[in-house]
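In the two assemblies presented below, chain A is common to both, partnered first by chain B and then by chain C.
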Partner chain A sequence: MGQVIVITSGKGGVGKTTTSANIGTGLAAIGNKVVLVDTDIGLRNLDVVLGLENRIVYDLVDVTHGNCRLKQALIKDKRFENLCLLPAAQTKDKSAVEPEQMKELCGKLKEEFDYVIIDCPAGIEMGFKNAIAGADKAVVVTTPEISAVRDADRIIGLLEAAELRNPTLIVNRIRPRMVKNGDMMDINDMIDILAIELLGVVPEDEKIVISTNRGEPAVLDMNSWAGQAYRNIAKRITGENVPLVSLEVEDGLLGKLKRILGFNN
Partner chain B sequence: MDLFSKVMGRQTSSSKSIAKERLRLVLVHDRSSISPQLLNDLKEDMLKVISSYMEIDMAGTEVTLSQDEKSVALVANIPVIKLNRVQCGR
Partner chain C sequence: MLQMKNNIITIKGNREGLLIICDENVLWDVIIAEIKERLIGENGHFFKGASVIVNTKARTLLAEEVGELWKIFEGSGLKIKCIKTDTEKELSESDNDQQQIKEEGLISTDHVNNKPTLVIERNIRSGQNISFDGNILIFGDVNPGAEIKAVGFIIVMGRLRGIAHAGIFGDETAWIMSLKLQPTQLRIANYITRAPDEEPQKPEIARIYEGGIICEVVENVGKYVENIGGK
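Take a look at the complex of A and B:
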């Protein structure tokens, strides 16, 4: 039986879709059977980030409404045949799906796949409730900004209320130089304030933009910092112990940050 | 130090520590059921009680929640203008 992991954040634009695509692809690249589910109904995006937008025939709403069989709606990835996407509907609204239906769907998917990764829409309304309904675990994505961390805190509260306990945190778009200059909250500040376990840190990286342009997740780019961070996160999800911080302190904060990100390992 | 950086107030604390402080405070409110409105009602009730004991500066009074590492405190800063004279029996 597989595991259903929802990628959520509260605030929009912090990197949920990017993270979903990279974690999903990263898990598939190390041999897991993975399905990515886009629950952002009306604002479908995961398909483009993965470069699969031309292959969509059916979507999530077609499946929950019984317009097609589940298998028919699953799109096979170009690179990994053990990776699939269930795209969101683009022309329906969020109320087209209900939490009960999502629970049932996730139940079916995890019989087939090792990991079911759910890309959650922004907000705390219906779309959020649908996205978390069938989840076993939650990953909260934030950026090092007050507004994003505040929303993350709210989401953590709501996840707990929904009995999704012990979510883990990904801090995205960290800029080592700004942290060094005291102009960006660092990782410890955030895990301290949110009282949550850290799953990984992803740096700001132009390669993310390039990879999104191409429809090829950065996790497959061996020269991308962010890609390296996502490779580590994927390994951690499978239970592998990839250390976050090495205890040997190196030359200053930049060196330490590189270590946090998993370089020099 | 040129005027511009003074105006920006950059010397005293880094923007990171300002962010941290503001975040802590906003989360204290978010996490509790204490809205700014409720805090204001509390302040007015407190002032009513206290002003029957001493003369205080209502306008200069501040009531806030603050948080350090693990605990939350209700902090009231109430400037006293005049202490009332001791009256019989008090």
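Take a look at the complex of A and C:
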């Protein structure tokens, strides 16, 4: 029996979809059977980020309405045999699916897969309720901005109310140099407010933009900082104890050396 | 679903009085009916005069529900000491937990004012509202975007960064204390103020003084909390 993990944030644009795609791909790359489920009905993106848009025939709504079998709607990834995507419908809206149906669907998926990663839409309405309905665990994504942290706090409260206890946190798009200069919230400030366990920190990385546009998750790019962070997060999800990527920025040769060492651990 | 009748509420006695633990998965109406039947009906005379601590486990009560509970006990010769919620994870480890609740639940307010105190042991997050017809004591943080409203006073044994309103019905003797008083806004009775910009280094108490809200450093937090215990 696998686990269902929902990736959520409350605020839009903090990187839920990118995170879902990278964690899913990262987990598949180390040999797990993974299915990614896009629950952002009407605004689907996950297929684009994975570069699988042109293969969609059936979607989540077709499955829940019984227009097709579950197997028919699952799209195999082009890179990994053991990675599948269940895309969202683009022409319907969030009310096309009920939380009960999602629960049933997640139950079926986790019989077949080791990890069911659910990409949650922004907001706290129907789409959010659907996305968390069948989840066993939750990962909250935030960026180092007060507005994103505020929304993450709200989401954690709602997750607790829905009996999803002990969510973990991913801090996305952090810029170590700005943090060092005191221009950006640092990780301790965020942990202090949110009071949940840190799953990983993903640095701001231009390569993410490139990889997203190409439909190739950054987690497969061995030269990307963010990719390295996502690889570590995937390992942590499987239970491996991986130290955080060093984000220390120091000038001079010693600093550079430290960075390289941090990067390689 | 089959529900064993005596699981709806669990009644335990100790030297301080009765502890009533309510199952959080049962509808509130059912719990009320059960309390009425077991404590107040024909079987109820046994408990007369006892003081009661109600533990609602993971359930947070609405103001009306608290009122309802209050009325029932008031009309029955039982004395409510405090209403407690706990949203700890290990709800299932009943025996150990209840032991703990017994120890911790002995907080009443008799010696500070005549109002009951709601004790909460968790962080209050953005978007969550707590309002209570009495005092509120929180062991945890109150995050920005959260709102705490009490008819009496408020104590936050943690950071207070949301909005706190003490004395909502106009009690100007109400006060707000926190280990780190950094609220978005402070309200006492009909007064409203913003928090000072500098970060507090010590616990502070806010109260009304000569027509405005003032904040003072509290050297001995224990004094206030002890008072609630009435010991």
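Here is the rule we go by: the second predicted complex is superposed on the first by the 246 of 265 C-alpha atoms of A that agree within 3 Å, B and C clash if a C-alpha of one lies under 4 Å from a C-alpha of the other, contacts with A are read in each partner's own complex, and residues count from 1 in each chain.
Please note the rule applied: contacts are C-beta pairs under 8 Å (C-beta built on N, C-alpha and C of every residue); 3 or more make two chains touch, one makes a residue touch a chain.
Everything quoted here is computed from the prediction, not taken from an experiment.
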{"item": "Partner chain in contact with A:Glu160 - chain B first, chain C second, else both or neither", "value": "second"}
{"item": "Partner chain in contact with A:Arg150 - chain B first, chain C second, else both or neither", "value": "both"}
{"item": "Contacts of A:Asp189 with chain B and chain C, given as first, second, both or neither", "value": "first"}
{"item": "Which of chain B and chain C A:Leu83 touches, first, second, both or neither", "value": "neither"}
{"item": "Chain B versus chain C as contact partner of A:Ile75, first or second or both or neither", "value": "neither"}
{"item": "Contacts of A:Val4 with chain B and chain C, given as first, second, both or neither", "value": "neither"}
{"item": "Of chain C and chain B, partner touching more chain A residues", "value": "B"}
{"item": "Residues of chain A that lie at the interface with chain B and also at the interface with chain C", "value": "150, 153-154, 157, 193"}
{"item": "List of chain B residues in touch with chain A within their complex", "value": "14-17, 19-20, 22-24, 26-27, 30-31"}
{"item": "Touching residues (chain side chain C, partner chain A) in the complex", "value": "87, 89, 123, 125-128, 141, 143-145, 161"}
{"item": "Residues of chain A that touch chain C when the two form their complex", "value": "150-151, 153-154, 156-158, 160, 165-166, 193, 195"}
{"item": "Chain A - residues contacting chain B, complex", "value": "145-146, 149-150, 153-154, 157, 179, 181-186, 189, 193"}
